[in-house]
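To keep things clear, I will list the structure first and then write my remarks on it.
All chains are identified by letter, namely A, B, C and D, in their written order; residue positions are counted from 1 within each chain.
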Amino acid sequence: MKLVVANDYQEMSELAASLLLSYMLRPQRVNLAITAGSTPKRMYELLAPRVKGHAEFANAHYYNFDEIPYAGRSGYGVTMENLHRMFFGPAAIPERQLHVLNSDNYLQHDRRIAEDGGLDAIVMGVGADGHFCGNLPGTTAFEDRTCRVPVSARPDLADILLKEVGGRTEWLPDHYVTLGPASVMAAKKLVLLVNGSHKADILRRIVSGPVESGVPASILMLHPDLLIIADREAAALLP
Amino acid sequence: MKLVVANDYQEMSELAASLLLSYMLRPQRVNLAITAGSTPKRMYELLAPRVKGHAEFANAHYYNFDEIPYAGRSGYGVTMENLHRMFFGPAAIPERQLHVLNSDNYLQHDRRIAEDGGLDAIVMGVGADGHFCGNLPGTTAFEDRTCRVPVSARPDLADILLKEVGGRTEWLPDHYVTLGPASVMAAKKLVLLVNGSHKADILRRIVSGPVESGVPASILMLHPDLLIIADREAAALLP
Amino acid sequence: MKLVVANDYQEMSELAASLLLSYMLRPQRVNLAITAGSTPKRMYELLAPRVKGHAEFANAHYYNFDEIPYAGRSGYGVTMENLHRMFFGPAAIPERQLHVLNSDNYLQHDRRIAEDGGLDAIVMGVGADGHFCGNLPGTTAFEDRTCRVPVSARPDLADILLKEVGGRTEWLPDHYVTLGPASVMAAKKLVLLVNGSHKADILRRIVSGPVESGVPASILMLHPDLLIIADREAAALLP
Amino acid sequence: MKLVVANDYQEMSELAASLLLSYMLRPQRVNLAITAGSTPKRMYELLAPRVKGHAEFANAHYYNFDEIPYAGRSGYGVTMENLHRMFFGPAAIPERQLHVLNSDNYLQHDRRIAEDGGLDAIVMGVGADGHFCGNLPGTTAFEDRTCRVPVSARPDLADILLKEVGGRTEWLPDHYVTLGPASVMAAKKLVLLVNGSHKADILRRIVSGPVESGVPASILMLHPDLLIIADREAAALLP
């Protein structure tokens, strides 16, 4: 594990964008799974203008690592919709570089990724509860690969999903799909972005251990190439 | 994870030797941590004559991943002694390529390995109880790095160590040292050798999960580049 | 560059097979370009039974690096025909793992390989004249990528190609296609197999330099990960 | 090869700094050979404050790839002096991370680098005459490794070296040392920085070929992982 502490959100975003750029500039196909959510917002703002319309980024391929479908609606779910709004749209990434995970194909997702050469990097955030991707405490086990999590997995999951679909009950799905911990750990590099004082306690728990299923992200410390980019506030409680 | 099933012990040993050779033939320094014990015996017999006296293997460096000291004796402990007898001696590996872990330097071991470029591969066996390296159930936690395990860690540890030092109570040590699970997971590639019907049940548990501290080797399934080489007997209970 | 000298053809073949196996056992897709011709015959005999029917080799993908079409015949040319007879057939490699280079698609070949993640390794022989793949002296330049070589490129090329198509003038093609030196150098690892006393002089010239267009294989010394596996006879003139 | 065109010198420098940062943030030792001269000035200004005093960059090791000694003066030569002024000083890199090439140790340099694990990346510029590192046209051959170039190698070399030592004849050396083309090509990644309209013609010649000894940098196109970062002016003549 390597930890780098940035002064603030802007610097964390610059570092994360630098790292993604270095991957995108490899000579051959590179497979990236990138995060939606609020954490990477600035990172995508920095990346999009540099990537848009530049042919040298044509062999960067993108994979979403979770998806919350809208009940009764076809097309993208919450994650891909967000990624489109934040990055794929502004950066004008062609469809051929997008590899969508959804409720229909999740059982093939791990095999498809291996067939494509594996994920070169996953860039993700972490929740104050220790979740990463869709691995909320109590929903998946460390050994799980890409899987379907039913709304019944946790008593409060319906409420969580309802927020994700904008509070509209007609869109509330009965499940979501996510790379499980084992699928995430199979990537060649993991990058964890952590910012804000409300993340300080979980970052401390991740870094100090123990590895325990109640803190899903604690498993990430065992990946041979994990980079944590934290801002000063998030790093405040580290030893 | 990738699993390859060999017909028997000889074929397993040939595959393992092939893999080690491919690492040793890299153009620059390569850092290998290799196992003592009975499992790799034939592998070393195959490797030693091919390596001995050949200059092209001069940038392969070796690290032992655990050590049981002999109480009241200086010099190598049980592991390095075995590695010398099985491989370093017959292959005539010069001292400069050997990087010894022992009770005096274990606190620096992880940093030294990182400074040397990290371990490119660890080749290890697994016990019927799920232990790997010196990570016996109940002695280390998943988040542990290279550490000292006192004989008091488990009630039966004195008996286990006594067997390792040849049953001579005057040599019974009060501890051993080992790469912890986190140090093992930090290597770039892991190779697990498993042979014999008495390993069939533990191999099934490792491959099928769950990841649990009672089965230390279950964590290895989460490494992004784990290769298991099993013989047919050990693989008999796999789905 | 790393050079390993085997005692004889059998040992050279075993080492080469070991190396290919280590690539095939990677956890994700691996792209290999492998040679036809007489040199690898024994290597394929060793590999085929180990690969045949084993699911763990399903993510090894194969690319031929040159092709001599049969004039007036559809289907495979000389190279793919040989590879089928020597390896793809005996090893029962499914079509989905074969990526054919031919006269129709050679202009897309480099881009297709990059899109597939690049070649992880090329295993090839060298001619006594210093040619590798279809890069005969006088036919291609170091900077050439995958290209079409017309029979007019050298006065003796028609004779050479006639032998390749079994001496039947009705099959004599007016060109062949090959990865150029620049495409070969773009692979992540190069393995050069050299055996027999008739190769001793060219091996000496490759290893000692100079890099010159008259000895196409002299350029290979500049690849950052070149492994030469020679037998004792071929290595006889090395310093 | 991959080419990225930046709008201007500032953006080129940012991209180059990003790339170097991504290497420095690897979990284990990383070996970098970096360039002196005017091209990287802004890159180092961006890097130094980010690196200075940050423990997470302690496993980045630096190697100079050429050196012009001052005649009659001990201590650093022109290259290391410049690197100190531009980067090692402002970034406060400890001595233990610096691996100096000079007239005394150049014969051991290649072996030492291989023993340290090889160079992970070389960042360099290119001259309008096609030189890279100390490989001026007519001074070294493609197959040369780290070597000593006597002032007699070219009629105008004394004039060139005189300028490098600040025009003071008492400091004019009778040679310099440099990684030869073969040593540069042995690195795992090459990054070439090219800016300004006076570099447009040489960049066109490098990218379009031919590979020829009169344009030393033309060989770089054959490296499997070459990244060229050019500004718009330098890229003006590219197809």
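FYI, a contact is a pair of C-beta atoms (placed from the backbone, for glycine too) under 8 Å apart; a residue touches a chain by one contact, two chains touch by 3 or more.
In UniProt terms the chains read A, B, C, D = Glucosamine-6-phosphate deaminase.
What you see is a predicted model, and the numbers here were worked out from it, not measured in a lab.
Enquirer: Specify, for the interface formed by the sequence copies subunit B and subunit C, whether it is same or different in terms of residue numbers shared by both sides, with half as the dividing line.
Expert: Same: most residue numbers at the subunit B-subunit C interface appear in both copies.
Enquirer: Can you name the chain that lies farthest from subunit A, using the mean of each chain's Cα atoms as its centre?
Expert: The chain lying farthest from subunit A is C.
Enquirer: Roughly how far is subunit B from subunit D, centre to centre by C-alpha average, rounded to an integer in Å?
Expert: 41
Enquirer: Between subunit B and subunit C, what's the gap in Å when you average each chain's C-alpha atoms?
Expert: That pair's centroid distance is 37 Å.
Enquirer: Report the inter-chain centroid distance for subunit A and subunit B in whole angstrom, where each centroid is the mean of the CA atoms.
Expert: About 34 Å, centre to centre.
Enquirer: Multi-chain contacts only, two chains or more: what residues does subunit C have there?
Expert: In subunit C, 27, 118, 186, 224 touch at least two other chains.
Enquirer: Which residues of subunit D touch subunit B once you look at their complex with the stated criterion?
Expert: Per the stated touch rule, the residues are 27-29, 59, 113-118, 186.
Enquirer: Spell out the part of subunit C that touches subunit B in their complex, as residue ranges.
Expert: Residue positions touching the partner: 1-5, 15, 17-19, 21-23, 25-27, 54, 56, 224-227.
Enquirer: For a test of understanding, state which residues of subunit A touch subunit B in their complex under the given definition.
Expert: Within the complex, subunit A touches subunit B at residues 118, 141-143, 181-182, 185-188, 209-211, 218-219, 221-224.
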